[in-house]
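Labels for the chains are A, B, C and D, by order of writing; each one numbers its residues from 1.
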Amino acid sequence: MTATSPTMTRRVALGGLGAALAMPALRPAFGQGTPIKVGVLHSLSGTMAISETALRDTVLMMVDWVNAKGGVMGRKVEAVVVDPASNWPLFAEKARELLQVHKVDATFGCWTSVSRKSVLPVFEELNGMLFYPVQYEGEEESRNIFYTGAAPNQQAIPAVEYLMSEDGGGAKRIALLGTDYVYPRTTNRILRGFLKSKGIGEGDVMEEYTPFGHSDWQGIVARVKRFASEGKKTAIVSTINGDANVPFYRELGNQGIKAEDLPCVAFSVGEEELAGIDTRPLVGHLAAWNYFMSVPGTPNAEFKQLWQSYIKNPRRVTNDPMEATYTGFRMWTQAVEKARSTKVDDVRAAMIGQKLMAPCGYEEEMLPNHHLSKPVLIGEVQADGQFNIVWKTPNAVKAENWSPFIPENANRRR
Amino acid sequence: MSEPVLYLDGVSVVFDGFKALNGLSLIVDAGELRAIIGPNGAGKTTMMDVITGKTRPTAGVVRFRRHDLTKLDEASIANLGIGRKFQKPTMFDALTVFENLELALKAPRGPLACLRWVLTGEARRRIEAVMEEVGLAARAHDRAAILSHGQRQWLEIGMLLMQDPELLLVDEPVAGMTDQETEHTAALLVRIAGRRSVVVVEHDLEFVRALGSKVTVLCEGSMLSEGSIDHVQNDPRVVEVYLGR
Amino acid sequence: MTLRLVLIGAVLVLAALPALNRLPAENALHVSDFIVSIAGKWITYAVLALAIDLAWGYAGILSLGHGAFFALGGYAIGMHLMRLIGPRGVYGHPVLPDFMVFLGYKELPWYWLGFDHFPFAILMAMLVPGVLAGVVGYLAFRSRITGVYLSIITQALTYALMLAFFRNDMGFGGNNGFTDFKELLGMPLNTAAARGALFYASLLLLLGALWICSRVTRSKLGRVLVAIRDAESRARFLGYDVTQHKLFVFVLSAMIAGLAGALYVPQVGIINPGEFSPGNSIEAVIWVAVGGRGTLVGALLGAFSVNALKTWLTTVAPDLWLFALGGLFVAVTLFLPRGLIGLFSRAQR
Amino acid sequence: MRTGAAEHGGGAGGFPAPPFLKVDMRQLLLALGLMLWLALPARAQDAFTAALPGLAGGFSDIATSVEQLGVLGDPRALPVLRALQEGRLQRTADGRVLLPGGIDAATGQAADAAAAETVRLNNRVRQALRGALGRLQLVSPDAAERGAAAEAIFRARSAEDVPLLQAAIAREADAGVRAKMVLALAAAQLVAPDEEAKRAAVARLGAAGAAEARALLLEARASNPDMATAIDVSVATIDRALSIRRAAETLFQGLSLGSVLLLAALGLAVTFGVMGVINMAHGEFVMLGAYATFVVQEACRGTPWLAPWSLPLSVPAAFLVAAAAGAVLERGLIRHLYGRPLETLLMTFGVGMILQQAVRVAFGAQNREVISPAWMQGTLMLPGGVAVTQNRLWIIVFGIAVLLLVVAAIRFTRFGLEMRAVVQNRRIAATMGIRTGRVDALTFAFGSGIAGMAGVAVSQIDNVSPNLGTGYIIDSFMVVVFGGVGSLTGTLVGALTLGVVNKVLEPYAGAVLAKVFVLVAIMLFIQRRPRGLFALKGRAAES
């Protein structure tokens, strides 16, 4: 199915040329009807390109995949790729263009919260449908967005519970390190509430924020070491954003911080981020996600195979947001088939309750709050850059996008 | 006797240990025309720079009437009534002859005043008169960039006239001029000198002679000799360092 | 003269855009909703380009920090828009914006007071950039920092502001900045009517900015600025206080940029510290270079053409557009020192 | 993208074993262990085999087994625990535990390893493992191993370690190892019931002056209220020692940041300072250098004897790549814009965009992994207990070396002479037969090449991604302007000053505000001295 080369696929998106050009001869014949268009709104240049290009490729892979199966409702699916260039107002403009000019039926896109916040009014005004594949801070629920990444209760809280458990080392003191933006701030606020409920005092929590792309971690890591020398088992909870992680982990390794003494659990570090680091000094540090590439089972094996043959590189890794994109795309095709329509209102109704045996090895379900039920997995970094799953929830956890640990949510408008 | 217009006493300027001016003293009276000569590096241009505020003296007194020039910046000094013509004619190439003169015309210099500025008939007549005087009337609307070297000299002299200063500092005004133009310039400076003080720096001794004024000879940053052109030409020290070569 | 005619024509076409949008879709003159919605944004970019051109093209002040003034204006109106959300925020707090509720603020910081009034916000959109430009300009011009040094300083200025605004503790919403605006002057945003109104407001601002800029450049002040640009020290010896003149035009330019930012934000629906990024400011300078600096029309032409190109290329060539745009910048500086407008005036001669 | 480490992880071939795992040593120990085992009473044998099945269970079973194996003192435990630590211990579905090579740990016989899977670790197991191995290795013939064992016991301490350590101390000949053991003994005594020994331990830990000792003391304080005063005195002693050390470490951090700034700015000091060219693509040249490092590393990967040298080899490679790019840029574009610095600025910004996207297209948008060689990893203890990270120390050294290289190139080479001549008077230089165009190209290439070398250093501490350069360009310009354009001394002093000031401010103001303060301070400073710290006088300052 993936005989299409990446460049050719790009050309489809590029010129909107017909599939005839790009698809090989054994492509199934499509039935009546115009192609179904999906928008791809991921940054291909600028600071976020590091993370987002892989998601663009994932969507294109899924488009190929569904077309190889005969399309959706017998209609071909066509991707419209745009580059919002890590520029938030440009995200809004491109969203509008996708909806008004290209009249896409669904859009897969965004990584940062601010990009989602920027396009949200556009999707609401023009009644579009956005699939957002990244774990985020919650505190949002738009009828035009389906959130296929984790809400805080599906990632952060289980991870900290694990750290405090006997298996996780029994941490009594927590250093919250994060990049200074809304996801870490919110997550840490939720965690503070949670830690308080577990009887950990204010004095045993350290919170520090750094700018995006922060590269000089010497001082902060030294301060964390000092924080850890107060005679209680200490752990680091990192909400450091993608790019700053490489220098952070290098510094952890070089300052000799061993996972046995001072474990660090991260919520934004996956296989892609580790690909830029020598992980041998980091063995034992943790990450909490809803998917790891090392998950056993057929759905994941298929997913990995699909990806590595599409990208023509047997060593390319998969990660959690890619899996969320995959899951979202498949649920969307299921919902379209169920609704027998691509109209946003129909598909939205059909989306709720969609189930899929996801690559993470659990059955995920789209809940009425537009979030997925997901399992929580905790993995330890291994020397080969993969994660060794050391803990997982028995079942998929329902998303709580409005955290009970944020008191203001009590008087939230509904 | 009235107080001097320009009063320099013991002025020294040191650049990186090199003494460009070394205890220079100079007095220029009202209405006086003064020629300054000296070999290259004698400090002529540095002296001009000190008077116009471009260079701060390391030591010494520089006064224009009662004003201490060492405390003022270039613009304030210019606005006190000191005009300067540069050795290398400098003007605004992107502007026309007329506009260059208009900018030089004595008028309020603040940004708001410039924004509100309206060219009155009287101002236009003055500009036109100066253009006649410097022989550029025909080129009023040509950009300064396309003038010949001699015309640029004249335009700068014209700008000096428009400023209507009390003291004119003129650095090598006749370089690149024809003999006829040189004569014309000498006559012009002499005419101006009645009402204003003029300091001329020049190499061309014929021209200095034509000015018929008192001459100051600078050498190595200080005054070597002063007097009529005949007096300095016969001063053995002058002959040795300057004329003799 | 011809340029002015072209300009008038262009403004008329722009003014007609919302009307052409009402035509039925099959009409040849029909303009899509999308074009109308981004044209308003481009107009604010054009005003920013005018402001930069006034400082750079006429007075020779190459500020690589004009994006900062634009963003500050945007933040001022953004604060107003946030105040107008009132109890419609997610947490239903009557006064505090959501992000403040969230970060545990108990009351509005003092610098947020007054922004519930529209005239105050607009005043601040001009004053804050103006005062900042005044302080920075005074210090820099007084010390005779010119040319590339000034460019580097202004670039550092916008960089420092970007870092500062990224901090959530500043009380400006950190990285997310301000979004989710509801209304302005009683009009609900996100409606065609509001977009039309903002479009015409931007057009009015553009005309106003053009009028002010041409009033300045055609006065004697304009000639003084050119004089300062070409031979700063000569202007001093003529008695012009260069610091004052530069400061005047720099502050004026910053205020125009601030107003442009103020109209930009309600149209794009978001303001965040990314607007301060040095790259944005350089890009805006490049619009002016592409169009042709030292001519007001050139600034407009550059802003529209580069942005139109960018909008088009980011869709048709998402992987390659940076090559095209980068190549354009290189080609223009090498081969068209007077910008696109230079092509026209060369053709005229 | 994961290119290389997967090969490493496979462990089949070239992966060099850490020194303490040398095969001969292991065999030696194994033989020693077997001999002891034969002499052991049957009861211990039972306890050993009884503890083994736990290793095939869940993480907490494994941890319990490990702890049991550690206190048994049974030498057969050593190979089992070692294999576990290395991730080479396997277990079968029926609960048997297999050593590498498919040997059943309980029986010592070869067993069927077909359906076996690797026993996985978590941090709790690792912690237990460290303590257990520590106890077993305390008798190791290798001093370094005994030292590591003492450190492990220090962290894992328990009351049972006291006699073990006392015996080991009595035997120990190596003073360094002995000191570690004494400290570990103090840690163990702190949790043992002997009150008298505990008091002595408090004092000894206080004298050690280490952060870890401080943690232990504070931990003990809660359970020993009667000793609170003594503990407080010891903690205060440690804090005094630490505050001095901390100041030294802050200084080091500042110098380290400064040396990165220096490296990034040195190239700019040449292109901007000497030639007056504003190159906004400078950061992209740094990025090219980092990618050159990556490419050299990949090229060396296939040749095992070359692989450890890939980083030193990258230095000339990065220089050449960036210098070539610089020469092309200068000859092709920049020379047409001499005398128009502002246009050069805009043009090179466009070039930067193109370079960034070109690298993104060629290498992908993801970060590339550049591995630090072993000699650049970890921490070095300076006298006085000041800990400095190796990679940053090497970057400081590298920064100084590059600076000296630049100075030497300008002072002592024909090229440097011609360059200075052209800068001082282009026309006269030309009349004397210097080909000024060539000198321009070489100078620019030289500056760009230095940026490329900076990229080698940056690849050791930062992301190797297409955006790498954007993070350095403004800082570099600030360093050059602050230090004084055209002055290498200025660049050096400027970079180090900014680095140290930044790091001193950081704990008080946070990383962002510290940087903002520094930027504002530079802007204000330049008002006072528009030409920077070390202003050049004369002609160069005129422009």
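The criterion applied here is as follows: contacts are C-beta pairs under 8 Å (C-beta built on N, C-alpha and C of every residue); 3 or more make two chains touch, one makes a residue touch a chain.
Chain labels with UniProt names: D = Urea ABC transporter, permease protein UrtB.
As the structure is a prediction and not an experimental result, all values here were calculated from the model.
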Farthest-lying chain, centroid of Cα atoms versus that of subunit A: B
Chain pair with more C-beta contacts, A-D versus A-C: A-D
Mean-CA-position distance for subunit B and subunit A (Å): 74
Computed distance of Cα centres, subunit C from subunit A, in Å: 34
For subunit A paired with subunit D, centre-to-centre distance based on mean C-alpha positions, whole Å: 29
Distance from subunit D to subunit C - Cα centre to Cα centre, in angstrom: 44
Shared interface positions of subunit B, touching two or more other chains: none
Two or more partner chains touched - positions in subunit C: 163, 166-167, 319, 322
Contacts with 2+ other chains: residues of subunit D: 356-357, 510, 512, 515
Subunit A - residues contacting subunit C, complex: 10, 13-15, 44-45, 80-85, 87-90, 92-94, 96-97, 100-101, 112-114, 117-118, 120-122, 124-125, 139-140, 180-182, 185-186, 189, 209, 211-212, 406, 408-409, 411-413
In the complex, subunit C residues that touch subunit D: 62, 136, 139-140, 142-145, 147-149, 151-153, 155-157, 159-160, 163-164, 166-167, 278-279, 282, 285-286, 289, 319-320, 322-323, 325-330, 333-334, 337
Sites on subunit D touched by subunit A in the complex: 1-3, 5-6, 8-10, 59-60, 120-124, 126-127, 130, 155, 211-212, 214-222, 242, 246, 249-250, 253, 256-257, 260, 356-357, 360, 364-369, 371-372, 377-379, 387, 389-392, 460-467, 471, 503, 506-507, 510-512, 515
Of all residues in subunit C, those that touch subunit A in their complex: 32-34, 37-38, 41, 87-93, 99, 101-104, 163, 166-168, 174-177, 179-181, 189-190, 268-270, 272, 274-275, 311, 314-319, 321-322
Residues of subunit A that touch subunit D when the two form their complex: 44-47, 49-50, 52-54, 166-169, 180, 208-211, 213-216, 218-220, 222-223, 225-226, 228-232, 243, 246-247, 250-251, 253-256, 259-261, 263, 271-281, 284, 286, 313, 315-317, 380, 382-385, 388, 390
